[in-house]
Amino acid sequence: MTDQGGGGGQNNMQTMTPEQREQAFAMANQEMEYRVDLFNKLVHSCYEKCIDKRFKDGDLNVGETACVDRCSSKYWQSVGIVGQLLGANQQQQQQP
Amino acid sequence: MTDQGGGGGQNNMQTMTPEQREQAFAMANQEMEYRVDLFNKLVHSCYEKCIDKRFKDGDLNVGETACVDRCSSKYWQSVGIVGQLLGANQQQQQQP
Amino acid sequence: MTDQGGGGGQNNMQTMTPEQREQAFAMANQEMEYRVDLFNKLVHSCYEKCIDKRFKDGDLNVGETACVDRCSSKYWQSVGIVGQLLGANQQQQQQP
Amino acid sequence: MDPQLLNSLPEEDKTKMVAMIETMQTRDSLRMYNNLVEKCFSECVNSFRRKSLEKDEERCVSKCCEKFLKHSARVSVRFAELNAQTMEQPPPAA
Amino acid sequence: MDPQLLNSLPEEDKTKMVAMIETMQTRDSLRMYNNLVEKCFSECVNSFRRKSLEKDEERCVSKCCEKFLKHSARVSVRFAELNAQTMEQPPPAA
Amino acid sequence: MDPQLLNSLPEEDKTKMVAMIETMQTRDSLRMYNNLVEKCFSECVNSFRRKSLEKDEERCVSKCCEKFLKHSARVSVRFAELNAQTMEQPPPAA
């Protein structure tokens, strides 16, 4: 589930069959959707944790910006932890 | 809106026109999406109702498992009740 | 981001290339999805603000109907305000 | 989509557009069904001593569902009016 | 989809249907991953004095994740049973 | 998607990929627009004595919107940095 740069297959699109080409596009599409969804949930989560909802003005104060930076970093760490657990869980389920 | 096994048309895919074939795939796709969404909402709803969020450990205790089983059954019943009401509502709206 | 009736291009579908045609359908699809999503969020928001959740009966009382009407109008105004701010924000980001 | 606009399309495109609209409506109906179950279950079912719904829970789910549908129908009418009003006004400078 | 039904399709359609199911499963797995992070982060991480997770926050996220997966697996079994029960009964008049 | 990777694709695939990215961006922008209205309406509008927004409600919605956009822009920068850091490290054994 981690982010990977293109593997060998993605660079050799000229040598793929039409079905493999379709599948490569479908996978790229799914990866992009995953990243967009991840970003949106990160924005939402740190908005809820850090942003003062009284809206006295439209700027983030010093406390909010520090919180947002640290929240983003902690969220990213959480993505890694959950990713590892899901990977281990999948391996467990595939064992005969 | 209820779950149906395949009707006669789905078994006779060889006899369909290309447009009918496309439509059959689209309908199968929509039904699958509906079932996945239903399952995910069932998981979410019973998680909220039954699971202790203090996470002292990673297992479900006896109370939680009993709750989850009953919650799933009650949720399924609710799906049936809402389905019947929606079906009746649609018929009402289609009457001349 | 505002709702527009068809522009000149949409009426002249006979004169488009296949790629332009595909793009016109994709744009129409996205606009429809936007409007469906807007409507659903409007329904949800005004349900939360106006509807008594005790469900003593299945009808809306006089207070609820007045609230729903005004809520819908206020939500629509908010759509306009946010739309203008997003439009101004985009222009800002595109300035060299 | 504006019915006048839809009818002005060539036959092939009109068929494709109508199919697109129908697919979207079906998908929206199925999503609304699932959302409604989730919403009414959340409001109405709060104890899990037995695996069947109590009579008052069944009644609550039914009333919740009816109420939501009536609410949605009313908003639908207001939405159409607000849309029509916006069409008549010149759009704000974007 | 009913395995019997799937196998009764012509080879070309079966391939297409299997591809559709796999795409849907992958997309659902990726969504579940993102939902799980959001849910467990929300429950477990509430202070932002430093940019790294505290040990107890890491533990909480792990336990939250394990617990959700076990919960989801149990619901999965119940869901399959409830589905099978519904197949045996005549469907309510729609 | 990595720009280097995108440019290494044959022209036909590059066009298709760019179109896919643009479609996704447009859809994400439209969703963000709707989410932002829902979020700021929920925070700012709580009385329904009249059918037009009060001046303070209009101001609240504007400020809410501005604040969210600034927040989102900041997260965007942090997200890019975190992504870049992860690329440099060997990925954890999956």
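Note that the chains are named A, B, C, D, E and F in the order they appear, and that numbering of residues resets to 1 at the start of each chain.
By our rule, a contact is a pair of C-beta atoms (placed from the backbone, for glycine too) under 8 Å apart; a residue touches a chain by one contact, two chains touch by 3 or more.
Here is each chain with its UniProt name: A, B, C, D, E, F = Mitochondrial import inner membrane translocase subunit.
These numbers come from a predicted model, not from an experiment.
Enquirer: Using direct touches as single steps, what is the fewest number of steps from subunit D over to subunit E?
Expert: So the least number of steps between the two chains is 2.
Enquirer: Count how many hops through touching chains it takes, at the least, to reach subunit F starting from subunit B.
Expert: The fewest steps needed to get from subunit B to subunit F is 3.
Enquirer: Select the interface copy of A-E from among A-F, C-D or B-D: the correct pair shares over half of its contact pairs, counted by residue number.
Expert: Over half of the A-E contact pairs recur in B-D.
Enquirer: Subunit C to subunit F: how many Å between their CA centres?
Expert: Taking the mean C-alpha position of each chain, the two centres sit 17 Å apart.
Enquirer: Approximately how many whole Å separate the CA-defined centres of subunit B and subunit E?
Expert: Taking the mean C-alpha position of each chain, the two centres sit 13 Å apart.
Enquirer: Mind pulling the subunit C residues that touch 2 or more other chains?
Expert: Residues 1, 33, 50, 69, 73, 83 of subunit C touch two or more partner chains.
Enquirer: So which bits of subunit F are touching at least two other chains?
Expert: Residue numbers touching two or more other chains: 44, 62, 65-66.
Enquirer: Around the ring, starting with subunit C and passing to subunit F, what order do all the chains come in?
Expert: Here the ring, read from subunit C toward subunit F, comes out as C, F, A, E, B, D.
Enquirer: What part of subunit B is in contact with subunit E in the complex they form?
Expert: The touching residues are 1-6, 10-11, 13-14, 21, 25, 28-29, 32-33, 36, 39-40, 42-43, 46-47, 50-51, 53, 55-60, 64-65, 68-69, 72-73, 76, 80, 83-84, 87.
Enquirer: Which stretch or stretches of subunit F touch subunit A in the complex?
Expert: Subunit F reaches subunit A through residues 1-2, 5, 8-10, 13, 16-17, 20-21, 24, 28, 32, 43-44, 60, 62-68, 70-72, 74-76, 78-79, 82-83, 86-87, 91-94.
Enquirer: Going by the contact rule set out above, which residues of subunit A touch subunit E in the complex?
Expert: It is residues 1, 26, 30, 33-34, 37-38, 41, 44-45, 48-50, 66-67, 69-71, 73-75, 77-79, 81-83, 85-86, 89 of subunit A that touch subunit E.
Enquirer: Enumerate the contact residues on subunit E facing subunit A in the complex.
Expert: Against subunit A, subunit E makes touches at 23, 26-27, 29-31, 33-38, 40-42, 44-46, 48-53, 57-58, 61-62, 65-66, 69.
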